[in-house]
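Following this line, the structures themselves.
You will see chain A twice below: alongside chain B first, and alongside chain C after that.
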Partner chain A sequence: MKKILLLVLSIALVFLVGCNKDSKEETVTLNVFNWGDYIGEETIAKFEEETGIKVNYEMFDSNEAMYTKLKSGAVDYDVLIPSDYMIEKLISEDMLLELDMNNIDNFKYVDDTFKGLAYDPDNKYSVAYMWGTLGILYNTEMVTEPVDSWNILWDEKYADSIIMKDSVRDSFVPALKLMGESINTMDEGKWEEALKMLQAQKAIVQGYAADEVRDKMIGEEAALSIMYSGEALLTMEENENLAYVVPKEGSNMWFDAMCIPKTAKNKAAAEQFINFMTRPDIAFENADYIGYSTPITEAKKMLDPEIQNDPAAYPSADILEQCEVFIDLGQKMTDFTLEKWNELKAY
Partner chain B sequence: MLRKWLATPYILWAIIFTIIPLAMILIYGVTIDDGGIRFSLENIMKAFDPIYFKALLRSIYYALISTIICLIIAYPLALILTEKRNAKVTVIFIFVLPMWMNFLLRTYAWLTILETNNGFLNTVLRFLHLPTIQIIGTPNAIILGMVYNFLPFMILPIYNVLSKIDPYVLEAAFDLGASKLTRFVKVILPLSIPGVISGITMVFMPAITTFVIPKLLGSGKINLIGNLIEQQFVQSYNWYFGASLSLVLMVIILISMGILNRVDPSREGGAL
Partner chain C sequence: MIKSGLKKLYMGLVFIFLYAPIVTLIVFSFNDSKSRAKWEGFTLKWYANMFHDPVIVKSLYYTLIIALIAAIVATLIGTFAAIGIHYMKKWFRGIVMNITYLPVLNPDIVTGIGLMLLFILINLKLGFESLLLAHITFCIPYVIISVLPKLKQLTPNTFEAALDLGATPFQTIWKVIVPEISPGIVTGFLLSFTLSLDDFVISYFTTGNGVQTLSITIYTMTKRGIKPEINALSTILFAAILVLLILINRRPGKNNVLLD
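Presenting the complex of A and B:
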């Protein structure tokens, strides 16, 4: 038994040491780090064929996991596709390279609405990949009245049928928006006020869920839940009674965008990749496969008209005007909001 | 000489995976980062804030209840199993088999069973025209999850100790005129204490630190200390405060184990 254990341990050690060796290859290899199931099925193969660059594609399941892995330095990533607030964090920590837009010619196809966003005001570091909103996913059989306001999440008729998100910033959006406040407010008093609203709401909330909310909505365990549009579109495919709406008070608008970390070994190839992904026909393929909303106008036009006109995927300009992107609040304020969150959960 | 050499992998293992991480938690726990990293007990004090301390007390309370329920279920079961022939096979099959499955998966399965509207249990109850139950999102669901997941850790050590009791000792008790009850109280129970102690530690510790069970079965409505620690690392990147909370939790576990060791000074139970 000991011998076997020893053998296993030594193999593990050899493996650990072996992993550090750099493999010398002739062709350029691009390390791309993206969300799971977040690219067209043949997109990478097409890119490899067109450019002769080999893509080493890796996936993450949360921005935080991406951040931790990037920091650990285990792999020198060339292209990352994280969300807005994470990009802002990476910029503030000086972990991203400035993009040379001369190499990303297709940037011109990105809709003007999605340029110069709060997390990267001068478009120096990132090119939008997909976008969406935070809204209410509801069951039309269980909720017969029209849903257009966050107010419905406080309606006692739906006691024990409302699911909030197990995330501070997301769950505070309805309260702050109902107060007419910015979701990025730095005013501690406003957060206190929003907390009072959420504490009052807690009695009728079924739970604060993460990914399992999708199963609960599909299984009709709840009537209303707050959810991100991309996730909502996928969930709606599984149950035809579900509908998604962005409340009139406005909401959060999110982006996943492509950027190049300082660890990149092949900046030119990385820019080539970003340029490729922004090309209308490729962006269309991606949006069509993933089902999320594309920021490339030309690509949107190629989509099924039913999707193009679906307010869940592409809300009206009026509503988008009310929406804000999350801004990193800084460590002190983040800790404060988390404290409020814990107060909410402390009973 | 050979023996010494054979020990090195284990020592290396202990250093890399136990001592260094513990030292890091200690260092992070007693420092803060306000521009520069410096020594401070501020975060340790903060761990005793009502918000966090209440979650800690709640964790201890739930873990205690789960441990007691596990003990109540496990002891008679272990007794029955020791008296049955082929019991070993049964034990392995009934209690170890589910453990081959992933812990998270088992907890998800409970979620599907217990869901209020269309969960398996309530569907069956409704079919039989019986009243349905609403348990998801309540403390009861959390305790149920803990008991289910950690019960094998209570049964196995108790069963082990009971099955090793020398049958001659039991015969001697009979020969000397002890009734079944006396034999149990005066002989079996005292001899099984080490197994009980190790069962208690092996259930109490994972129960007090779990964060998946309250998240799934408690619908995220109730924070336990494990959730708060996870949150500090994952949501706010405040490793310093996260480490402080872990440190406080570890001290509490150490104290409770110290108390337990007084009950079982010989530490025949084997665990820790």
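Presenting the complex of A and C:
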């Protein structure tokens, strides 16, 4: 009997303590929604200390899960850090606020290469957070010749050792880039031509895979695969024979960028947060912890020279010039590309 | 002879399948390398690092608090509900039991989004309170399901006999019924506790305000891969639950929970 009373009382106590905490919160709070394990360990504490703003930090595991929760309106998020195509979608659905760049003074530190990108051409809604590329992950023991072109994915020496991605847009990148075309081309003839190339390649492809690519590359079951740089970085940690390269013909560039949704309660504080994250010393700490490429030039300069000069993380300007961001092709064109994809899979 | 050998082999295989992943995880929590592919020497650094990672420590705190309170409240509500359901008329009991089973069979994603929409509708801000309510909600049916069989094992007239001998209804419940069904209650409590620890989908949709449980923290790490600190933390959790179970089963004069 006493024990049960004790239990009930302790529950009541926890609730009381919980409520007390809430009522004391009179400082500004900021709801930040980001990918998991995607910020420096001290960064939030530093921001809170400097500004006196309290951060409620929440994490998501995919752009789609983020979208569902944002759309429900259950939480009034102030800052989001989704990927490029999701930002484009949020802009087209009128879910983002325009940023006031007067409050984001540090925007000047963002490298010009990463301004005015296709998903947000006028930089009205977003500031780049991290970026990377699509490229070739290969095993240096199995592929001894230098790898610098998408061409190698058509080399019959590596028959049955090549893994493509089980995704329309990604798998068409090598073919379109070899043709010297834009990966966002609206010309149906170019897609047909690329399809022909991929059909010819299919005989030597081991498979069109999704998440299992990483395990296959670690287990040395394949010599070459196309992969995103972030994922490639993780995979390379587990097998030292693996290397990553962005082919000279160019490729796709991806971005995660900070933006403010219309639900934001504290736009000024949100802009203060974005400004803070863009400050070179903070961006450096962040990039150093996460290991992805930072769009802040000054921050990049503070990194270990070995990383700065690693073409896998920071490809040369010539190659970057050839790289493009995916943009939404519109419903009609998307359906057309899916049709081509099915033709390839059925070939 | 051959038959019993086969039996042992079968048992062995079952245990290997059940425990191999946990053993792997425990072994790699001591691995000096970040990689899960190869062994590079013994270390305790992940155990030390774990307590310096503010995100992990905070998630662990919320996970344990939520699991504990949710399990206690769900056990209280579920036990009384089970006693009520047990003494219902048969046809009505059938209906109530079906309603009880429904959330158990319902996919988590439906429960999660449903609860989220409900919380928005009643204007409850997503955060600690909503997460706790959600966990209590999905734990209750499991408590009812573990307590009911124990009630069925009671001699049907125990309740009347106790009243007959002068106990008040309240005394009858606490001194006669509850001690008899306590193994079921403990099972229900442990089940709720572990289910609450485990849950990701429902938690993801019903939390907010910076409150994250461990499973959310771990799932969302997929972008950059699971940190080795998580192996260390899982090992500690596994050991803690193991000790808890041993203690419960060693209680003098109590029935064995695991064998129930």
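The working rule: the second predicted complex is superposed on the first by the 321 of 347 C-alpha atoms of A that agree within 3 Å, B and C clash if a C-alpha of one lies under 4 Å from a C-alpha of the other, contacts with A are read in each partner's own complex, and residues count from 1 in each chain.
The definition used in the following text is that contacts are C-beta pairs under 8 Å (C-beta built on N, C-alpha and C of every residue); 3 or more make two chains touch, one makes a residue touch a chain.
Just so it is clear, the model here is predicted, and its values are computed rather than measured.
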Quiz item: Looking at the overlay, what does A:Tyr208 touch: chain B (first), chain C (second), both, or neither?
Solution: first
Practice problem: Using the superposition on chain A described above, determine whether A:Ser167 touches chain B (first), chain C (second), both, or neither. | Solution: first
Quiz item: What is the contact status of A:Ile290 with respect to chain B (first) and chain C (second): first, second, both, or neither?
Solution: second
Quiz item: Taking the superposition as given, does A:Met179 touch the first partner, chain B, the second, chain C, both, or neither?
Solution: neither
Exercise. State whether A:Asp335 touches chain B only (first), chain C only (second), both chains, or neither.
Key: first
Quiz item: Now for A:Ala346: first (chain B), second (chain C), both, or neither, which partner does it touch?
Solution: first
Quiz item: Mind pulling up the chain A residues that touch chain B in the complex?
Solution: 2, 5-6, 9, 62, 64, 160, 166-168, 202, 205-210, 212, 216, 219-221, 331, 334-335, 338-339, 342-343, 345-347
Self-check item: Residue ranges of chain B touching chain A (in the complex, touch as defined)
Solution: 6, 9, 13, 50-52, 54-55, 108, 111, 115-119, 134, 136-137, 215-216, 218-223, 227-228, 231-232, 234-238, 241
Quiz item: Hey, which residues of chain C end up touching chain A in the complex?
Solution: 34-38, 52-55, 65, 69, 72-73, 113, 116-117, 119-120, 125-126, 128-129, 174, 204-205, 207-210, 212, 216-217, 219-225, 227
Practice problem: Spell out the residues on chain A that touch chain C in their complex, using ranges where they run on. | Solution: 1, 7, 11, 14, 18, 31, 35-38, 41, 44-45, 55-61, 65, 68-69, 72-75, 218, 230, 234, 237-239, 290-291
